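By letter and in written order, the chains are A, B, C, D and E; residue numbering begins at 1 in each of them.
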Amino acid sequence: MIITTTWYLVLAAALFSIGVSGVLIRRNALVMFMSIELMLNSVNLTFVAVSKDLGLVEGQVAALFVMVVAAAEVTVGLAIIVAVFRRKASANIDELAELKG
Amino acid sequence: MPVLTILLALPLIGALTIAILPKSRTEIVYPIAVIASTLPLAVAGYILWTFTVGDPGFQFAEDIVFSDAIGFGWLVAVDGVSLFMIVLTAVLFPIAVAASRSVTDRVKTYMILILVLETGVLGVFVALDLLLFFAFFEVVLIPMYMLIAMWGSENRAYASMKFVLFTAAGSAFLFASIIVLGLAAGDQGGVLASFDFRDMLNLDFSRTTQILVFLGFAIAFAIKVPLFPFHTWLPDAHTEAPTAGSVLLAGILLKMGTYGLLRFNVTLFPEITVDFGFWMALLGVIGIVYGAAVAIMQPDIKRLIAYSSVSHMGFVVLGIFALTSQALQGSIFQMISHGLTTGALFLLVGMVYERTHTRLISDYGGLAKVMPVFAGIFLFSAFASAGLPGLSGFIGEFTILIGSYLSLPVLTVIAATGVILAAIYLLWAYERVFTGPTNAKLEGLRDLNFREIAILLPLVVLIVGLGVYPKPVLERIEPSVELILDRVEAVTDYEVPDNGRSSDIVEVEYGEIEIEEREGGEG
Amino acid sequence: MGELIVFVIFATVALASAVAMVSARNPVYSAIGLLGAMFSIAILYVLLDAHFVAAVQVIVYAGAVMTLFLFVIMLIGVDNPDAYGPAVPAQKVMTWVVSVGLFAAIVLAGRAAWVTGSDAFGTPDLNGTIEKVSDELFGTWTVVFLSTVMLLTIAAVGTIALAYFGTEVADEEATL
Amino acid sequence: MTELLWLLVALPLAGALVNVLFGKKIGEPIAGWIAFGLVVIPWAIALGPTIGFLTGSAVPETIYLFSWIPIVGADVAILWDPLSALLTMIVTGVGALIHLYSIGYMHGDERYARFFAYLNLFIASMLILVLASNYAVMFIGWELVGLSSYLLISFWFTKPSAAAAGKKAFVVNRIGDWGFLVALMIIFASFGTFDFGVIFVSAPSVLTVGTATAITLLLFLGATGKSAQIPLYIWLPDAMEGPTPVSALIHAATMVTAGVFMMARSAVLFELAPVSGAVVATVGGATALLAAVIAVTQMDIKKVLAYSTISQLGYMVMGIGVGAYTAGVFHLTTHAFFKALLFLGAGSVIHGMANQQDMRKMGGLRKFMPITFVTMTVGWLAISGIFPFSGFWSKDEVLAAVFQRGGLWLILWFVGIVAALLTAFYMTRLYVLTFYGEPRWDADVNPKESSWTMTAPLVVLALAATVFGAFNTPARLAFEHFLAPSFALIGESETLSLSLLITLAAFTMLVAIGGIIWSWRTYAGDELPAEDSSFWRRGLDGFGVDDFYGKYIVAPGRTMSQWFSDTADPKGIDGVSHGIAGGVRSAGEGLKTLQSGQVRSYAGGIAVAGVLLIVALVVFGGGF
Amino acid sequence: MGNASFLSVAFEVILVVGALLVLLVAVVFGQDRKVWAPIAGGSFLLAAFSGFLQWRDVANGDGGLFFSAQGLEIFKSPMVVMDGFSAFAAIVLGLVGFTAMLGSWDLVSKVGKRSAEFVALSLLAFSGLHMMAASPNLVVIFVGLETASISFYILAGFVRGDTRSDEAALKYFLLGSLASALFLYGVALTFAATGSLTLYGANSIRDFFSTTVVTKPGILLVGMALMLVGLLFKISAAPFHQWAPDVYQGAPSGAVGLMAAGVKVAGFAALGRIFVGGLISQIDTWGPIVAVIAALSMLVGTTMALVQTDMKRLVAYSGVAHSGYLLLTLLAGIDGMPAMWFYLATYPFMIVGTFAVISTVSGPGSTSSPIAAMRGLAHRSPEIGWLLAILMFGMAGMPFFAGFVGKILAFVAAGEVGYIWLVVVATLTTVIGFAFYLKVVAAIFSSEEENSSAIEPTLSARFAVVIGATVTVVFGIVPWILMDVVRDAFPI
């Protein structure tokens, strides 16, 4: 049997949902952030799959740009996490609930 | 000549003048403010003088369209209905300013606010572009809020916020209704929206829409008047406000409500007015009796007068929705005289408050022995407010009652009992404050000085003058009132009782507002 | 047929490692999980004839990003006691509902048809070779490509600004 | 010379104004003399035209002054006809005398000028009332006399009782005015104008009996207020708190007769409503009797006169009720003279007795105040209805008119007779207790005759009270002819035969004499009868009518108002607004708990909302 | 179209160059701000001017779609679009950025060595923001979105030494990237559904809708929904608003004005571009959803602002409400764009001015600013006090202040397309608005004499506030000046 684009897209959807669940369920800022990265990856998968299906290379280009963005995001994100850690000596975001109301 | 624009501009100019005064010259703020608030009186006098008697339409009209995107412009004009609102405003403001001599704290701000307030109020009465009207109607809140919040007495924060929120809540519905109207008018004219009063006159609406929009207007104005269930902001605001604030609030701001009811509810929605008029009038009558009944037992003299306002404004509402020539004229007249009498009463209370720093009736007694002149003027104002014949209060109430009986007999008979109650609460209050053995704490109070008497004198004169010879006022009101009634009769199958009406003096149709040609102007 | 097998295997791996990433107590394992997911995704790219993207995927993610992650993990300490432990139950339930709901919603919406776009403009069996991608990238997308300079500058500048802990900071704080 | 008539109102008003503004500077006695002059001059002005009516040379006319409230067709105009002329003469004449009297009486009062200002104001208001050519203007006068009476009753406002009395008078009157006001509404609704001319001419054609009854009853309600009839008479006795001249002027001679005058003016309407006539007459009779009974029990000399006034007013009202308008007005006139006389006499006595008003503390004054004594004698005989004094003629006419109706009306007639008996009794009681017997004064008083300004009016009034009755004897109906133009629109009622009239008169007088003798024998003795049975005590406080009103009307009203202002308004109505405000606020507080500060809960919020949004959009767009 | 095609990206280029120059100069000439401050301000103004030039060209009809290379127009998709929409966005963003920079200057002068970075980041962020408005390509919009967001994550955590600042940064970062991911997935799915990443031009989404009848809209709808979520998060519309108050409060007061104002403008620009410019044909599907979101935002924003005690949180929540009012304009589709731009051309200035005052009163680096701190401001610094009052009236929508006109236009727009119930909700929430804005005003004018220490605002802050207030007043009294301009600010 032949695998259609649908399979990829469903897989991507699944990965995306898993990523979301990771953001919601983990207390470790790092892991949350990893989950977000996973989400971005699944999106890329979608892009590429669709571009294959439609024969449009734009999809792949988009994926590349997403990677660039992700890279920048990672750098800054990790910098923030490190900065936080340097003061609170913890990456547990449940402890960062001073601002509320 | 853009008379009305000048009229509105003068107080603002005054305010700016005061604003740019250097800190060092605060002592000349008061005189400047007095002058700045008196100039509009001159203009108003000019308007009154050149006002064509017998012309039911709008005069001194100015029409400059600002934005045809949403038809919104500077459309201002005066007719018999608004004419005397303007004059009343122009009369009361100088008095209120002059009465504020004792304000020493942040006097600059104080005077600026009052002058801005004057522009706002005048704007409400002349604006015929609904958006412009709403703008003025709403902007009046700011200075009044600040006056109460900054110069009020103990409970000012609560009172001022209550005042704003009540009025604003009403305005919310008003705003929504105005937008509905504007859009409808726009569809008619093929533009996005139009807020021109003239375009509102013959919109075809579903009955439901009409009712909803009518209610939107009615609620806003009912709160402002205030009509019976919406009146609770008034005692607090009046009581906490500084003297000038109370005077202006009771004297003019309340009239914005009744004016709106007449100008917009009745004129724009004759059918609904005819169908629902009874219920509005009923609320008015409840207000008359209820307000008076509550007033009787008030321990605080200012609260007492505040509730008496509820009662008196009830007469006005009754008159408006009775839809007879007499009643309508009476209502407008009652607005004027209520402004004068209640204004006088609040001024007087303020003057004695400056001396004794108490508003509790129980703290007084036998004051007439100490301050005979004060007592005399107070009694005079009290009787004027109680509708004693020969004074202005009577003309209004009498005409309203006589006229309303023609269309709403039962309500009117009930309303007439307000006359009895008024006598009770006013005279009882007078008895407790002024008669009997003099309260020891009051010994040695000085009587009114020359300035205070001078402030009160114009009011006294006007009260008597209008009471003895109201014709000049009535004959200017009548045509416009007849015009409104003719519209009601034309649109609905309601027959205005023609007792004593010199009818058919009206040829002009609404919408024909002659614009005098002129260039430039505002904007 | 082989394609099918490869897909099934790596799809499973991807899912498995994704789940592992989310559920692993130790962030290192999470990182490993993510790594696995990325690798398998890269393979899937290959299946989709997007070779260039696949390559970049491996280099950028597996190479750079993951290294960074691991580095930071090491920096802030692997076993940071309070960082772990069970999540709030309510949160757990909500998480399940949401993620399953999301997946279900998307799949349900897509069950009729996933790709409804027209391939009129497309080249029949697209092959994401470098030149194909690059002339797109440096043709149509030049402006965007250039605009990424902003991103990188921001990344650099921002990291410096954030990581900046000098003596000046102390006294500058004092004046705030 | 009728074109000068507007001065009638203008002059006293001017006087009032002058005395209010500059009274202090003018000072006594000039202020008093000014006021007096500004009442005498109107009298002089009015005299000529009035004589014109007497001689029959003049005809009623309306003098238009200016337009007042056009939309209700109310012009300020003077209706000058015999009725208004008569009242004008009474008001200005008696008024002038009382001004003169007051000049002496108010001597030394610190607000001397103010007093005369009020008096002038009253004269002006009263003249507006009687000269009005339409109901609207009449209502002005109607209210203004109420005002001036309020001012005068509570003239000594530092006395709480005086202030309270004034307020009571005004408020009670206002209740009556409510009736008047409603009547005016109906009138306008029916006629579209207030003008007497129009109304009276078109009334028979316009009004149904029902409407007429309604109007007249409401008018009568107004009258019961001003003319102190049941149920609104209660203010009059308290009104005695005012200075005595005030009692004489307002509460005897003029203001209280306003109601009677108004009904006489509206005679046409009453003619159309027989039922109202019956009601009016009955109330009048009942008032006459009740007031007479109470008067018997009073100890305060002024209170006696007050109740006797109420009783006499009852006669007048009864007269109006039976349609004997002339008789009513005639009694009004004579009563004005002798009651003013009596009050002023009493005032003179009180003055002499150092403000002592309790008759038990008087006695044997005839030697000390001869003029007062003589004049009071005249008044006493006049009110008791002894031939040939004026009271005899007028009261007799009223009773005759009642008798003439026959049937059940005879009951009313009998009531009238009884009241007459009692009148004679209590007046004699007053007379004897004051002037005869041994002196029972307090130690420090030494009575002497008052100054001439006070006695002169007494003399004049005494003369009037003696001779005026002769104007309208069954033999010679000058008064009736004089008034005829005013009642031209009413069908002439046939009169009884002369013989019957004389018998009735004789009978009435016999009754009166009986009363006098009975009373004299009771009180002429050396020691007073101990009047302390429950009847006397209850009578002394007017059979508790005041308490009744207080308990069943005032108190409940108070409680209700209290409840409104303490509970209903702040908690009930304002509660709603507070509720709304609180609701919004607590909604905010509630939402605050969602804002927990936990990143993951925020993320959860975003995710949940996101999923919902997706579902909503897909469902809405038909994607499922 | 040589220079025109440069002009179409002039805004971004200028700001990027400015940013690099600032960094360069700062490195070369050291930390002397006097040297490079003009560059920062200049590039904002220059950018705004470029926007003006674009506007003029658009008016002359030289606007349109722009492509990365010559000769590709036939079958390639455009990357930049120059129309009234993007041009006006450029003008607004440039001026807002300038004013906001003035407002942030106190902070800049406080962060010592890192001040150059701060400024550079702001400049880059704004160029990213404009990309969101000026590109028809969804991926480019995403890139711009990230460019701005990432810089703002950094700015939020810029102040060391206050844990709240870190917390704000981390929260903003995590939630922000989550939202971005959702948005991106939306883009991907839309790509799948329509086979295109661009809104205009050949093989564009608009083409797709005009040529094809969508029979199976499922994925398309999910895509739209996810894009909505992403953008609604950025403009902090309820229920995606929860980050806003925390971040506003935690971020240094000096930086908030910059972030808040900029994101609002660009976020709505993107919404307008995508949903009105591209997906207008689907308005019947997304319209009602947006309406509900708008109602929620107004209600939640006002009710929660009512119970705040911290100035920054209050403004944040009021911002949620204002997003609600702004969303009304989207409902009217293309007719709503002028209203939206009028609102966006006035409201951001109020935000900037307000935060300038806040940072003046409670310190540029402060991470909390209780309303109580505003007590007696009218005495402590009359001009600042009065101007803040004006700004509050403006936000409250008092007549004769710009906020009022903005509201009218928005309400009329929504009413025109029949959302009367929404208009009623809006007016009623306005009333609640009065309650808390006036609470601030009352504080300003309260005469209590505790903390009566006089406040001397710096020149830059003073300027920022004055500009904000001036905009509020001028466009409140003579709004038609602006109204006639924004009439042309719609997407092609």
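Assume a residue touches a chain if its C-beta (ideal position, glycine included) is under 8 Å from a C-beta of that chain, and two chains touch if they have at least 3 such contacts.
Every value quoted in this text rests on a predicted model; they were computed, and no experiment measured them.
Traced through touching neighbours, the fewest hops from chain B to chain E number 1.
Taken together, chain C and chain E share the touching chains A, D.
If each chain is reduced to the average of its C-alpha atoms, the one that sits nearest the average of all protein C-alpha atoms is B. Taking the CA centroid of chain C as reference, the farthest chain centroid is that of D. Note on interfaces C-D and A-E: more C-beta pairs are in contact across A-E. Taking the mean Cα position of each chain as its centre, D sits at the greatest distance from chain A. Separating the CA-averaged centres of chain A and chain B is a span of 65 Å. Note on chain placement: the centre of chain D and the centre of chain E lie 78 Å apart, centres being C-alpha means. Between chain A and chain C, the centres computed from C-alpha atoms are 5 Å apart.
One inter-chain figure worth recording: chain A and chain D are separated by 97 Å, centre to centre, where each centre is the mean of the chain's CA atoms.
Residue positions of chain C touching 2 or more other chains: 87, 91, 94-95, 98-99, 102, 105-106, 108-110, 114-115, 117-119, 121-122, 140-141, 144, 148, 151, 154-155, 158, 162, 165. Counting partner chains per residue, chain D shows two or more touched chains at residues 592, 595, 597, 599-600, 603-604, 607, 610, 614, 618, 623-624. Touching two or more other chains at once are residues 77, 139, 143, 146, 150, 153-154, 157, 160, 170-171, 174, 178, 189, 191-192, 195, 216-222, 245-246 of chain E. Taken chain by chain, the contacts fit none of the simple shapes, being neither an open path, a ring, a star, nor a full set of pairwise contacts. Chains that are in contact with each other form these pairs: A-C, A-D, A-E, B-D, B-E, C-D, C-E, D-E. The touching residues of chain A, counted against chain D in their complex, run 20, 23-27, 32, 93-94, 96-101. Chain contact summary for the complex, chain C toward chain A: residues 3-4, 7, 11, 14-15, 18-19, 21-22, 24, 27, 30-31, 34, 37-38, 41, 44-45, 48-50, 52-53, 56-57, 60-61, 64-65, 68-69, 72-73, 75-76, 80, 82-85, 87, 91-92, 94-96, 98-100, 102-103, 106-107, 110, 114-115, 117-119, 121-126, 128, 132-133, 136-137, 140-141, 144, 148, 151-152, 154-156, 158-159, 162-163, 165.
If you check the complex, the residues on chain B that touch chain E are 66-67, 69-70, 72, 105-106, 109, 131, 134-136, 138-139, 141-142, 145-146, 149-150, 157, 160-161, 164-165, 168-169, 171-173, 175-176, 179-180, 182-183, 192-193, 523.
On chain B, the positions that touch chain D within their shared complex are 162, 165-166, 229, 231-233, 290, 293-294, 296-298, 307, 325-326, 329, 366, 368-369, 376, 383, 388-390, 394-395, 398-399, 401-403, 405-406, 409, 412-413, 416-417, 419-420, 423-424, 427-428, 430-431, 434-438, 469-471, 474-475, 478, 497-502.
Looking at the complex, you find that chain D touches chain C at residues 600-601, 604, 607-608, 610-611, 614-615, 618, 623-624.
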